[in-house]
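Each of the next two complexes has subunit A plus one other chain: subunit B in the first, subunit C in the second.
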Partner chain A sequence: MAERSDPGTPATPIVDVVDERLGRQSWYQRLMVRPDSGALAGVVLVFLFFTFAAGDTGMFASDGILSWMTVTAQLMIIGSGAALLMIGGEFDLSVGSMIGFSGMMIAIPTIYFDVPIGVSVVLAFVVAMAIGALNGYIIVRTRLPSFIVTLASLYILRGLTIALSILFTNRTIVSGLKEYSDDSFVASLFSAKLFPGFFQWLADNGIILKLPNGAPAVPGIPMLIVWAFALAVVGHVVLTRTRIGNWIFASGGDANAARNVGVPVSAVKISLFMATAFCATVFAACQVFEFGSAAADRGLLKEFEAIIAAVIGGCLLTGGYGSVIGACLGALIFGVVQQGILFAGAPSDWFQVFLGAMLLIAVLFNSSIRRRVTGER
Partner chain B sequence: MATAMQAVSPREEARPEGWGRPLIEVRELTKHFGPVVALAGVSLTVSAGEVHCLLGDNGAGKSTLIKTLSGVHKPTGGDFVVDGKPVTFSSPREALDAGIATVFQDLAMIPLLSITRNFFMGREPVKRVGPLSFMDMDFANKVARQEMRRIGIDVRDPEQAVGTLSGGERQCVAIARAVYFGAKVLILDEPTSALGVAQTSMVLKFIRQVRAKGLGVIFITHNVRHAYAVGDRFTILNRGRTLGTYAKTEIGLDELQTKMAGDKELQDLSEELGGTV
Partner chain C sequence: MKTVLLRGVLMAAAMVVGVATTTSSALADNERFVFVSHAPDSDSWWNVIKNAIKNAEHDEGVKVEYRNPPTGDIADMARIIQQATASNPNGIVTTIADFDVLQSAIQGAVAKGIPVITVNSGTAEQSKELGAMMHIGQPEYDAGKGAGERAKAAGVTHFLCVNHYITNPASVQRCQGYADGLGVKLGDQMIDSGIDPTGIYNKVKAFIASHPDTDGIITLGPNSADPTIKYIGDSGSRSKFKSVISFDLDADISKAIKDGTMDAAIDQQPYLQGYLPIVFLTQYVRYGVMPSNNVNTGPGFVTKKNIELVEKLAGEYR
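Take a look at the complex of A and B:
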């Protein structure tokens, strides 16, 4: 049915005249009804601000860029998942706990049970996504708010992570993974630095900073950033260009209406919970292989950061509206401001004040966009 | 709905094969919502090439019945036969796959989504690029616009959010969608309640055209004139039961109206209001 190719001939031929009731929309008006326009404006403002406030501090030199891009990329990874889920009408508060849990799932079997590192990683992804599916299943079956169900899993997972790591290893920080992971393919998948030769060349030619020992200050593009962009692109394309994207919008917009016209709402929501679990595990894997260790308290409060990025990026808390690009811009604002405050030498406590204010402004802005799109007054 | 529609009366046209064959049959269908008995035993047959009007007062169970037929509710008891085979739909998607398309009373529209995305919701056209499949937005926009024009609405921009449309325009999107996807049976739950005169007659004309193609139509309305204008048979529901089914030849407009109101004495009221009811 859906693959039908012949639209038939209408009784009256369709002449594509522009309707006289349709005023010409300027690019500005078109921009204003996009969910991510607010975040874009925020990015511009934040960059302008820090160019003046911290322009001469090395914030925009290669290693400065790497520092705020790392924060941004981490948040892009979980923010993209959170945005898709929020557009689908749900939240996942267990993302932060999932990061700690997945990290331990990679480290403990490898170090204490001689499981090959590749198997541990695959296992971590499978278990995390199964937990995500369970979250989703409980929510679609019971129709309980995802806020409560995933709040429960936030505590259960965090508690399990600490309890199990003490049980198996008698500690909450498991280190020494480097000797198991060196030269392995999975390790480089999550922690390699791409194009080291190119960056060496840049340093040799004085384009980027060179350390006293001759190595470039930025050794290459970290896989973390590659993952962030890959996930963002996939998320964006799925959301805007595929039928699954339409199902996500529909499920979040009005689950009942969507179900009544044949959208597999339950399957969509469960898959979205699995996707956020996947993103959390990517985040965890990048961290574990970067540091060579896992800690039971990793990822604390990350669930809120992911939700903040999505909301700053224009996702409505009520679902059915938003964009992945917006969430990525939200992550960029987050990264630039968090690191920018450090570069500018201001006390870092101001970051939280800024974050709260930004969130409030974003929510107000979003609800006005929503009214414009739906024509409510 | 993909083929061109000529404005021919169904009586003059050569009848497609299988005309009059029963498409949907329900016998003694019951539906309980906890302690609430919404349907207490409903029987109904809809045949190919027939417009079957479902009439009755508010709360009679009309919407509950058609929601059961379209897979939204599971019946509590009774038989439900489609094309001679007993069915139990576990989701609206299965009913759609069986060729039953419905315009729900609440329209099942998502205000934040565009006309096109609503039109194809759940049945998105795809185009393949290698192993990937993408939503074919150009095709979808074209069809949405064209089907809306058929029903007499010129959409300004198919990317416009449905929330910004007028109530009647929204209803037209829902009708155009169901007509486009209805392969066997088209169910319309009060489709004309918010429509202007021109759009209403367009919808009634549509119903005739759909019948002419051999589909079965279930048409729910509170307007007895609309029902009488297009209906072949009329089933009256009252308090969750069928009071009876009448062919158009058996019953006149006035009698139908009286029955619709559950045989209450409308006459007095009508006189009080100056004969306008």
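Take a look at the complex of A and C:
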């Protein structure tokens, strides 16, 4: 199933006069061999589905859109990192635990040790990326599967989060961050709502819903969404337009071959683990500043959601193939499906069954589209 | 092969469309309420509330969607409330599992003009501050204190509070109330037991072994009570404890009260927390009437005297 077509080594002896790599492809073929084409088809499918099943429930009103875009953006942040890492041939199962850990790293020093909020945030990023680097170092050094090593970090980090927060604060929810973070630059960097004036104008002119108290139903674009798009663009450009991007594909495709042609495989993999840790910390920072509290159980199971987004987006579990745009579309599918099921009013006992079934359908659909077009079997 | 796969996908999609649309259109004419809880999927206690909601749905002729964060993550719960607000229901019922986290989401619903009733976790003051119409629940501290006073009458001096949901601040208040009712310091007498039955069993065992003068136990619900009951039975140590009380009820706790392993259960009558908010909201939406004060559904104590009736309905309506 995960077999890849490898354009460099044709299975049959070369009989064509023209090298197939130099042959002309139609724009349609070029569009369809992209790893993210299937995910795009999946996005169209879920939007069609929910327009039909939940079109009149407020899902596509301004605050409804904000609701599923928020979930999508959260997942885009960790999904972009997970996609890059997966293309580089590795997994990170510690993303969810890292979210809880980084959140505490921001909240505890600020509230209990009078560390300025900006310093705690920088510290959280530094420590998280150091742990990511350690994960990567252990994996390239021992050549153990990343699945096992990061599964260990999943437990260690979750345990540390609970143990350290009990040790320092005697509680597992640390709240009250708002009074330290009000008006500070870092807080607005992660939780500001952009263009409030514009949205007020939209509400005043009846373009979006206005609340009875005069405020618009959507007060602005949350920084969470800005971060999601910024990370996606950076990830996409690095992957497709730079030498580092080629290194990532090469490391994931065949690490030994890549080493032999001079790709710094170990450095690439370690940096990718640092990148997923960075993404997890961005996720945590946005959440901590939005809610003004950190909790030891934040981010449970998010590592799987990140992997699901990357896989729906066309990344191969074996590495060497995939795209960041695809992972973002995968996040969009997940976000729309997860919130859309709620809008459609599906019974709650069956919620996870629907969620799983819809995701399976999206993946089957997009892989069948991709195979049909690329001629893969 | 490919066409078979594609056909299968389309068929499955058609089935999901079918189910989803029938559920949303069949009751589209009636009032629609959303009930948001903080309980993870694994928490069985909420089944009574779900049953109460089903009864209220039937009795009032309304539709209620029960929602919860599958892993119990309160940040996810805030997203669910925001989603519920966007879907323009006739009313929202929610718990205040964490005031700081849920504050902006609940206030967002109130600002949109959706009537909100808070239930279960949280206090009447918090409910008022959020702009909710009323709070229906059991004041946690007072309930704990009531249990502590009972324990004091039984002569307890050292106790163990088995807390299976330590991330919920209300659970700590229960233990604190018990300590205050008893007139002693809480100190290290509260343990974070987790929710795994084997883990709880062994943590209780370890605590009793290292604190041999413990003569009272308070558990915060079926999750922590059931393994504790099993421990007391296995170790044959019932005579050592002067008072064993649990919050809430299930089949095991009822049985323990009957056979004397447990002295009493604090019943917050969760059925009312599921049933009443739907009844109140329906009347409010239809006729504009709403009681003007909060409702305390507990504490009521279940003992050997009134266990007969309760036992018959435990886990379903009690």
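A few comments on the model shown:
Heads up, the rule we're going with is that the second predicted complex is superposed on the first by the 321 of 377 C-alpha atoms of A that agree within 3 Å, B and C clash if a C-alpha of one lies under 4 Å from a C-alpha of the other, contacts with A are read in each partner's own complex, and residues count from 1 in each chain.
Just so we're on the same page, a residue touches a chain if its C-beta (ideal position, glycine included) is under 8 Å from a C-beta of that chain, and two chains touch if they have at least 3 such contacts.
The structure displayed is predicted, hence computed values, not measured ones.
Using the contact criterion defined above for the overlaid structures, shared-chain residue A:N205 touches neither subunit B nor subunit C, since it reaches no partner. With both structures placed on the common chain, the touch criterion links A:A250 to subunit B but leaves subunit C unconnected. Of the two partner chains placed around the shared chain by superposition, subunit B is the only one that A:A258 touches, whereas subunit C remains out of contact.
When the two structures are aligned on the shared chain, A:G176 is found in touch with subunit C, with no touch to subunit B.
When the two structures are aligned on the shared chain, A:I361 is found in touch with subunit C, with no touch to subunit B.
More residues of subunit A are touched by C (comparison of subunit B with subunit C).
Every residue of subunit A that touches subunit B in the complex is listed here, in rising order: 1-12, 14, 19, 21-22, 241-243, 245-247, 249-250, 253-254, 256-264, 316, 320-321, 370, 373-376.
Taken in their complex, subunit B has these residues touching subunit A: 1-7, 70, 72, 91-93, 96-97, 102, 104, 106-113, 117, 120-126, 133-135, 137, 139, 142-143, 145-146, 149-150, 154-157, 161, 163-164, 177, 181, 183. Interface residues of subunit A, counted against subunit C in their complex, comprise 45, 49, 52-54, 57-59, 61, 63-64, 66-68, 70-71, 166, 171-173, 175-176, 178, 211-213, 215, 217, 287, 290-293, 295-301, 339, 341-348, 351-352, 354, 357-358, 360-361, 364-365, 368, 371-372.
Chain contact summary for the complex, subunit C toward subunit A: residues 2, 5-6, 8-9, 12-13, 16-17, 19-21, 23-24, 32, 41, 63, 65-68, 70-75, 78-80, 82-88, 98-101, 104, 111-113, 166-167, 169, 172, 192.
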